[in-house]
Amino acid sequence: MKLLVLNGPNLNMLGRRDPEQYGSETLEDIEQLLVDTFPRYEISFFQSNLEGELVEEIQSLTDSNRDGVIVNFGGYSHTSVAIRDALELVELPIVEVHLSNIHAREEFREQTLTGAVADGIITGFGNQSYVLGVHALEKLVEK
Amino acid sequence: MKLLVLNGPNLNMLGRRDPEQYGSETLEDIEQLLVDTFPRYEISFFQSNLEGELVEEIQSLTDSNRDGVIVNFGGYSHTSVAIRDALELVELPIVEVHLSNIHAREEFREQTLTGAVADGIITGFGNQSYVLGVHALEKLVEK
Amino acid sequence: MKLLVLNGPNLNMLGRRDPEQYGSETLEDIEQLLVDTFPRYEISFFQSNLEGELVEEIQSLTDSNRDGVIVNFGGYSHTSVAIRDALELVELPIVEVHLSNIHAREEFREQTLTGAVADGIITGFGNQSYVLGVHALEKLVEK
Amino acid sequence: MKLLVLNGPNLNMLGRRDPEQYGSETLEDIEQLLVDTFPRYEISFFQSNLEGELVEEIQSLTDSNRDGVIVNFGGYSHTSVAIRDALELVELPIVEVHLSNIHAREEFREQTLTGAVADGIITGFGNQSYVLGVHALEKLVEK
Amino acid sequence: MKLLVLNGPNLNMLGRRDPEQYGSETLEDIEQLLVDTFPRYEISFFQSNLEGELVEEIQSLTDSNRDGVIVNFGGYSHTSVAIRDALELVELPIVEVHLSNIHAREEFREQTLTGAVADGIITGFGNQSYVLGVHALEKLVEK
Amino acid sequence: MKLLVLNGPNLNMLGRRDPEQYGSETLEDIEQLLVDTFPRYEISFFQSNLEGELVEEIQSLTDSNRDGVIVNFGGYSHTSVAIRDALELVELPIVEVHLSNIHAREEFREQTLTGAVADGIITGFGNQSYVLGVHALEKLVEK
Amino acid sequence: MKLLVLNGPNLNMLGRRDPEQYGSETLEDIEQLLVDTFPRYEISFFQSNLEGELVEEIQSLTDSNRDGVIVNFGGYSHTSVAIRDALELVELPIVEVHLSNIHAREEFREQTLTGAVADGIITGFGNQSYVLGVHALEKLVEK
Amino acid sequence: MKLLVLNGPNLNMLGRRDPEQYGSETLEDIEQLLVDTFPRYEISFFQSNLEGELVEEIQSLTDSNRDGVIVNFGGYSHTSVAIRDALELVELPIVEVHLSNIHAREEFREQTLTGAVADGIITGFGNQSYVLGVHALEKLVEK
Amino acid sequence: MKLLVLNGPNLNMLGRRDPEQYGSETLEDIEQLLVDTFPRYEISFFQSNLEGELVEEIQSLTDSNRDGVIVNFGGYSHTSVAIRDALELVELPIVEVHLSNIHAREEFREQTLTGAVADGIITGFGNQSYVLGVHALEKLVEK
Amino acid sequence: MKLLVLNGPNLNMLGRRDPEQYGSETLEDIEQLLVDTFPRYEISFFQSNLEGELVEEIQSLTDSNRDGVIVNFGGYSHTSVAIRDALELVELPIVEVHLSNIHAREEFREQTLTGAVADGIITGFGNQSYVLGVHALEKLVEK
Amino acid sequence: MKLLVLNGPNLNMLGRRDPEQYGSETLEDIEQLLVDTFPRYEISFFQSNLEGELVEEIQSLTDSNRDGVIVNFGGYSHTSVAIRDALELVELPIVEVHLSNIHAREEFREQTLTGAVADGIITGFGNQSYVLGVHALEKLVEK
Amino acid sequence: MKLLVLNGPNLNMLGRRDPEQYGSETLEDIEQLLVDTFPRYEISFFQSNLEGELVEEIQSLTDSNRDGVIVNFGGYSHTSVAIRDALELVELPIVEVHLSNIHAREEFREQTLTGAVADGIITGFGNQSYVLGVHALEKLVEK
């Protein structure tokens, strides 16, 4: 299985951020965790703080030979119509993940514009949200 | 690991319900899937259509020797303050699951009163939501 | 024609309640009225104050040989997602009735979550709402 | 019994409109249905697309010797304070009917300003809504 | 001074309407009251239940030699953008009157779309609202 | 007739305030205008910028031998529950006046908490609003 | 005096719940406190987590010889139209109590549907809310 | 191509209205402009200030041999469910035009109930909105 | 125990106000009732209609040797941020009381800004609300 | 005439996107269509998925010798204050176009922050929206 | 430069209030700080807890020879239309200051009715907000 | 003291923008003003129109040896969750400045998502907002 893991704004700062809220691991730790947990999969990673770069990376998926995509758009999840429009063009399985439980934080994080066009959402399990996301993709790809 | 899987109203009707929305498997199929996937775990199941019976089953958790609980409260997820209050008393790991993506349906399903007091939420992967839920519990219990 | 007439919370108190708002007849009077008005029909009655029991009675309809159902969920009409979800599984004709005109009372009674998934609604005619409901079912069954 | 059946905007187009939503019969069919079903009643019909003409027809009821009135104001049901004000002057029994279930369509059709001042409302039964409406009037007139 | 007194829907029913709310006088009584109170003024009257006829009467004001206008649009005060647009074209003094205190009734009567483009509003004094309205016009015309 | 004219915050600044919005006359000019226009009436005046002093002046009305009261509470009209509660105790006729048309300004000025418990409201005629207010009182007192 | 003390969902868990919010006493402690404080009264207790059972217990009050009732519906206070409807049938004095100050917690706890049909409400005094509730009933019964 | 150009309330007043907002040309000028610009088309014009007459003109389209329709309902665009319902019956191409940019004026003009059921909308180009509207129809008819 | 009983706007008018809503006793009656009921306590009373005087009386509490305070801010309960800010500085027990049930009246009385920073609230028991308030203070002081 | 045609996020994906909603042509097809339709105009094109790049391209317009600009900001139309602020600096004629009718889709697409500062808007005509946009610019430039 | 520093309700309690939120200095400390920091300026101070007294102090500014004013209305900033109306009459430079960051506290503190009619606002810098306020006034006076 | 001054979208256009709203100076003028006013400070400047570049510049602050930061995010202040999330990671003092008074413009500019996580906000003093911002930082750094 060939996967893309797409991370949005500020996720490159993981581990330097308040560990009570997000855990103490860095984004590299998460990437390594995925590589170690799924050694037979070909996983590539992309992180950007720019809304438009995320749009373009999503657009490039239509021409790639990926089997699925894990997305965590951080703050853009709640505000970006542009990313949502881009996601709707993707015909691959999409799993949205969040480190923290978005339903247990500020009210404006409860709605996810991008998650509404994903296949499913996993939220609140720290770095394990990503691992569970890959497991979820496995099943979606099987269908 | 000893788990409780708690299902709310109408989930006993799974498989007879519109398969486009929820998949064609019955609740018994899901229960068997969990037993087969996690043969070494001791998993018990409880389903009720009554809000108060769900409250009481949650209350009984404090005296049980369970390690964690998977919950799917169906329609009560969006309306029950009573179940939410009961969940807040539980000190075990709690994972809320939904068969369909609650962010992709009617607006009144987007908020989950009960999920807000769970550790995390997995939504949109059909019966695999339950399997992923157990995987999530494994990690929560390890902590 | 075989019918079920399903009544929700507090309708068992009819006749003891403020007669200006609801009329002075009891629920038994209404049941007798239906039996007398439609002597050739087989009409059964179920009343419960418990949301979950109503859910279960609705679920049992799928396995019964009823031709249609008259429902009056009282206060649950405006709040119960669980009953609404159960009703959506029913493939029989469903007519929702209300004794008083729900559009002429408190604003929170104007919306009916359950009526939205019924075939039609009859509201405001006192016990005659039930008689009209059976007439409506006759036509729905004919189709 | 002498009745008036009052129809509002676009109901003169019935049968040419999308039959999935409203049924394939014309307004003339409905009128004939009422005449055939209630041969002993004196039923007159009035349809107008103009809010003010409907107001005036309602006003003329105070001087007529009608026993009751069936109304279907179509789009004006949800917006017309003027028609509502006119209806409040009428001391005859009033039954509002709708062909489709107004609670199962767009949200702005759920509230009925005019229905709130009628005796009762019958909604969702196609042309039978009118027949049931006359039955309802019979009982209201008896009181 | 040459005046037009413009009345909207249902005001032709005055006196037949609930006297507690509106007083027991008819519209003709009010017209006579104005003629008697202001014998030297040339006062004409127009009443219509049709939104569009009111629009057209307002439009005709631009070509007339009137000095001012008293308006009471009844239910249209709260809903008619078309009448408001027409009023904005009028360069004569405009006084809006209401028989009852619109701030002491239903919430949806508190806002007046048409009054917002009048010079001033007089509300709550029964038929005296009209007399006060003419007094107000006298002063507006003097300016 | 014995009257009280009660003015609220900032009305003592009239004439120094933006004349386009409120006219160029001072509060003393308005008081003199009333005295000149109604020489046979006994008119007293009270102005305060303090909400509580206005409450107390209103309370003192119950023990006075006034025939009616003209009120203009300025900014407090839209926010003061305390003044409204005090006004409800007054059994004299009350007329609320405003210099400018409150329906043609900021949205938060459209609602008048205090006007809702007055007999009527006159708004938008500059200092003539007060003169019209006394005329209105004359008729209210006659009743 | 014969009293009923009616407790809703999760109140049977008192003392096991976060003591900062609700105090450390159990429901049994509260019941004993009432018995000890009012030794001459005949006090019975009912607790249920089921909305419908609470409805039925309230309904049974009409046939009992109780003098008054203390109610604490927990989470149902804010959501249950059915309990509210049942309470409205009761002609005895009703006092609603809450352990914590419902105005100092989440916004959705500020409104109490059930308290709106009680005689009065006592909120925020821990177990003393119940004692004060009985004192309040004493006075209500005297009237 | 045979076209109908349908204008709503107050558009007959064009040119007498504030030219800054709407331009100084009259409705006749616009009609002449269309005739001159498209000499080979058969264009008919209809203007009415009455909501119901507009409904009826729209209804008559189903029986006419027109190829398309240009509509500008003025104030009714934002409030008329009746016109919207009528438009939905029309199977011809419909282009809604506005002289001014409805998104740059009062907030209540931003939503267009009628435009939502048109093929497209052209807003803000003064009388050229009509010319562009005919160009748009040309292409819609070609399809 | 040394107490302050603090009353806000219009409570000095008690007994002259509509007795159906508030009871027929005066504020002096209530004060005497408290003195008679609690003869061993040193109770002082303060009433003001001015928001700022209430703020200052509350501020003076920090320097007094009072044991607790009973407050009833009338209309200011629902609107005064200034009083709320002052109350937050007070470290004594605070009990807010209301004569009528604030949850059973107008919607804008349901929220109490000031009660949210009190220890508890007693509402709906007429003058007994004050007596119960002192009982509540006794227990709060004991802690 | 020298024009800039500015396209926002995901418009580079045209033709690969769901053709029912947007038509099957690519952005290049649209560009070619404009070049072919207006051979004598000098038209340049710019597309970006990045909000800031669009801001900068708009800023560069002030120094260019363009005569006007066609804009389609896709998802940013509904959310970007930054683009709106940039557009307000442009003194050239601006026409906003949309392929689909934004008033006939999700509610959050109905408002266009950027269109509110354009001269006019053309929405719903597929690629012809661009052609009509250039026609509109021709007239705006003439003024 | 001659300045007035105007403080509203509860600011006289500074230093006794929770120091985490507001700092531990008293209002006198702040006044001394300003005198020490700007020894050549003539600075007078006024504090009141009464809305009306603040209105009157603001009114007196028009007749004084002050060069500017620093205001901190505490809780009245968010609720007082009367103070706002008074401020609008002042033609001197006005700077509103707040000790804490009003955008980082309760939502109802985010809007400042009074700040909207000041020249600028400085919020969040403790007592330095006042010092910065004087610096800001210096520049405003220079203009 | 080493500072960063961070400017967002369109601030590079200052001076070309409407001078009534923002003053006639360019961003370079502001930068020079800061350098001239604070000759001993090391001040660096960064401006970008891209949300993501601003996020990244904020992220780089954690590794720099700056003492504080002045930010003006223009239109992003009101919409960017991503910038807010980035700011929350910064442990340096942060002062948000705005040229115009954000409380005196459109309602959607009143809330500042980014300012809520700054230490304080200075708004409305034109280029002096920046100078005051540096003064504020001096004091924040001293603490």
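Residue numbering begins at 1 within each chain, and the chains themselves are lettered A, B, C, D, E, F, G, H, I, J, K and L in the order written.
Methods note: a residue touches a chain if its C-beta (ideal position, glycine included) is under 8 Å from a C-beta of that chain, and two chains touch if they have at least 3 such contacts.
Everything numeric here is computed off the predicted structure, so don't read it as measured data.
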item	value
Turning angle required so that chain C lies on chain J, C-alpha fit (0 to 180°, nearest 5)	120
For chain A paired with chain F, centre-to-centre distance based on mean C-alpha positions, whole Å	63
Cα-centroid distance, chain K relative to chain L, in whole angstrom	23
Chain centre separation (chain H, chain K; CA means) in Å	55
Residues of chain L engaged with two or more neighbouring chains	50-53, 79
Chain-chain contacts as defined at top	A-B, A-J, A-L, B-C, B-G, C-D, C-G, D-E, D-H, E-F, E-H, F-I, F-K, G-I, H-J, I-K, J-L, K-L
Residues of chain C defined as touching chain B within the complex	50-53, 55-56, 59, 62, 79-86, 88-89
Touching residues on chain H, where the partner in the complex is chain E	8-10, 12-13, 16-18, 48-53, 74-76, 78-79, 108
Contact footprint of chain L on chain K as seen in their complex	101, 103-104, 110-112, 115-125, 128-129, 131-132, 135-136, 139-140
